[in-house]
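Please go over the structures that come below.
One chain, subunit A, links the two complexes that follow: it is found with subunit B in the first and with subunit C in the second.
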Partner chain A sequence: MAGSCASGDDSEPRAVIAGTDGRVPTFVEVSTEAVRAALAGDGLWLDLGAAVVRVRSDAPALPPQLQVAYGCHPFVGAGAWADLHIHLARPSGARRWLRPQVIFRCDGAQPFEPFPADTALPLLEWGGNWLIGQRLNDLLLLHAGAVERDGRVLLLPATPGSGKSTLTAALSLSGWRLLSDEFGAFDPAAQVFRAVLKPVALKNASIAVIREFSPAAALGPEFPKTRKGTVAHLAAGPDSVLRRHEPAVPGAIVLPQWRAGSPTRLEPLEPETAFSALAFNAFNYKLLGAVGFDAAVHLAQHCPAFRLTYSDIHEAIGTLAALWDDTALSPAT
Partner chain B sequence: MYERVPHVRVEPVGTLWAAFSPASGETLLLNDASAAVLEVLGHGPATPDAVAAALAGDSGASAADWASVLDHCWPSLIRGGLVRQR
Partner chain C sequence: MTDASHIAARLAWVGAIRDPGVVGSWSLPDWERVVRLGRRLRLLARLAERVEAAGLLEQVPPQPRRHLVAE
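What follows is the complex of A and B.
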């Protein structure tokens, strides 16, 4: 990961646990015991930008996992408001000793089957994404990676096998600000994107690709045999965390397609195809009705769209950087 | 006689048209012919023959040709909640 998390968040208004200099410490700056105590008490307030998630847990595995995955996020032990409330709990009874598990609860409901206890972080991330997709309905939640440079958002809508998360992770390690690897969170009222800043969930071969791309990347432990295979989480960098409340205007839409051995190709994409990729692949498009329609039309009409086919991640990053420097894509003056 | 469902939205997106029906909640991508039907019905309810005649007047093609093209458009417009029988 580029940069360090030594500098906490001066702007955090909700913190009650502060460093000696008055600023809020980050997760990497506090002890694992402090994280454990907060989780077991009133909980931790994870400020993702567009939403604040309160997490409580007695799962022994979670505190150190959280410290890696949210290393640069401010460590906030009490807050005035949380949009989402998650409780990761160990089941009661003898099973907790025979086959340790962890349960995801939100608002008193248990929407999923338990996970093995040592996979508390994947359950938090997976369940948290599900909850965000259900609840943040003031935003059009496109299923897409979102990164920003020069104030404009590059949107990477997901299709199976597209390599969306790999490309989003590599971009975030190459000077682009990460907004999310899962949610293109578009605010229809302000016509800007907002960050839903969680770690990038890398799966299977993508993990090695990112380790090779950036050996210093803040990648957490690998969790084998999850529902999506082996998963590892890349922490958001310090700049992305510090700027997580900063909106950004739509820039361009790129549909990535990883194909073994393919040369890097960036081709214009018809706006109608971009519209379909956005609208028919969003978490809450139908629920938003006309608001969602207007938002998807706005993006398809105003954002140049491309299809990126690639096999070499370095070339893909270079191609996207060149696209961003293209004067045709510069904001109107 | 058919009418356009109230508050239907139609917007150009590339070479096609995106249409949203608040009645069905459906979004459809339409070709020019289907979008033209919605435009004609925007002026008021009409029979299929009247719609074909209106489009013939605009385009130079015959009403019979338009009627044949529109035969393929009506079912999806109705299924999508964009047009309804009156």
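What follows is the complex of A and C.
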């Protein structure tokens, strides 16, 4: 969690801002003023694993929010390359001072309406997700949580409201490596999943669920009254950050469904059901054409698939751990 | 540099659509600018097509290559 991120990242190739020992510091190890200065200058290079995002901003609220949400990520103030370029800017005119706002820009375009200035982080996260979904079309981007254990990825494709992010967050706090709570980023050429390591966006009741599940979890501030209700961000843990460039093979597909009062049930699914769950929960399935189809078929054929219905997060985690330990679940080939 | 020559210099990369051989001399910062501008001007797919047709895709550094392939 954020407080235990001092291990740094010796492998970081892009840093020009290094600690006294030559190691790249993490966001929690630098001052808020340093974050503010970097954002207002050339920007910060956020290495998510499968993509590098350059962020510039003069929004006063963003630096401390970024420090919590990306606490364990390396603080990199100069880079040779970024896949995505985001500028969060204060508007000119009255909206700079009167009910101030913040604007999301990328490559000269402004794809969204401005947000209230104090919600810079949710705007960065939603806008960043939108950009990733638009741009990284060398990957099949499944709308899914993705976590890894023993080198295999547990994919949690689901529609909004199914408890995907809550379950992904709880798994990441229970010894699983977080790849993403939003993107199951499958590389069709290498047939592996890649991390798109951003904070887990928790909404409404999920925030309290995760606070209770792990009181030490590095949760950022709560943003009430967003268009998705109250939102808070869980920072990725140090192991997930250090291993964000490490791919992992497909392991299993689990369709989560939170239902109040439901006993925990894990039911096997036919490959056809898994295929349609993948195809219908992908950002760019149609765009990729035959490549997307072949990738979804590969995953459906090689991964055992289940539907998990649950109401108790602890039971759900235990059930998935038992599933993973099952010797019948051999690595996909 | 005049405004006109500055603009001409900034758009010199567009010539790669006619003569894709020039991409071999581009540095990573050049490519970063080309990918951003090419996407903004809706020319990236055309450039990708020309680079691939000329058999030069493998000479493109991996960071920009993925964006060309993705087009």
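The criterion applied here is as follows: the second predicted complex is superposed on the first by the 327 of 333 C-alpha atoms of A that agree within 3 Å, B and C clash if a C-alpha of one lies under 4 Å from a C-alpha of the other, contacts with A are read in each partner's own complex, and residues count from 1 in each chain.
The rule we apply is simple: a residue touches a chain if its C-beta (ideal position, glycine included) is under 8 Å from a C-beta of that chain, and two chains touch if they have at least 3 such contacts.
Note that the structure is predicted; figures quoted are calculated from it, not measured.
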With the two structures overlaid on subunit A, would subunit B and subunit C clash, or do they fit side by side?
fit
After lining up the shared chain so the two structures overlap, which partner does A:G108 touch, if you call subunit B first and subunit C second: first, second, both or neither?
second
Partner chain in contact with A:E270 - subunit B first, subunit C second, else both or neither:
first
With the two complexes superposed on chain A, say which partner A:A290 touches: subunit B (first), subunit C (second), both, or neither.
first
Across subunit A, the partner (subunit B or subunit C) reaching more residues is B
In the superposed arrangement, does A:A300 touch subunit B (first), subunit C (second), both or neither?
first
Does subunit B (first) or subunit C (second) touch A:N137, or do both, or does neither?
second
May I ask you to decide whether A:A279 touches subunit B, subunit C, both, or neither, giving the answer as first, second, both or neither?
first
For A:W81, decide between first (touching subunit B), second (touching subunit C), both and neither.
second
Apex subunit A: angle to the C-alpha centres of subunit B and subunit C, given in degrees as a multiple of 10
70
Taking every C-alpha pair between subunit B and subunit C in the superposed model, the minimum, in Å, is 16
Once the two structures are fitted together, what part of subunit A is touched by subunit B and by subunit C alike?
none
Inside the complex, what are the residues of subunit A that reach subunit B?
270-276, 279-280, 285-286, 289-290, 293-294, 296-297, 300-301
Mind pulling up the subunit C residues that touch subunit A in the complex?
28-29, 32, 36, 39-40, 63-64, 66-67, 69-71
In the complex, subunit B touches subunit A at residues 7, 9, 11-16, 18, 20, 22, 25, 27, 29
For subunit A, which residues are in contact with subunit C within the complex?
80-83, 85, 107-109, 135-138
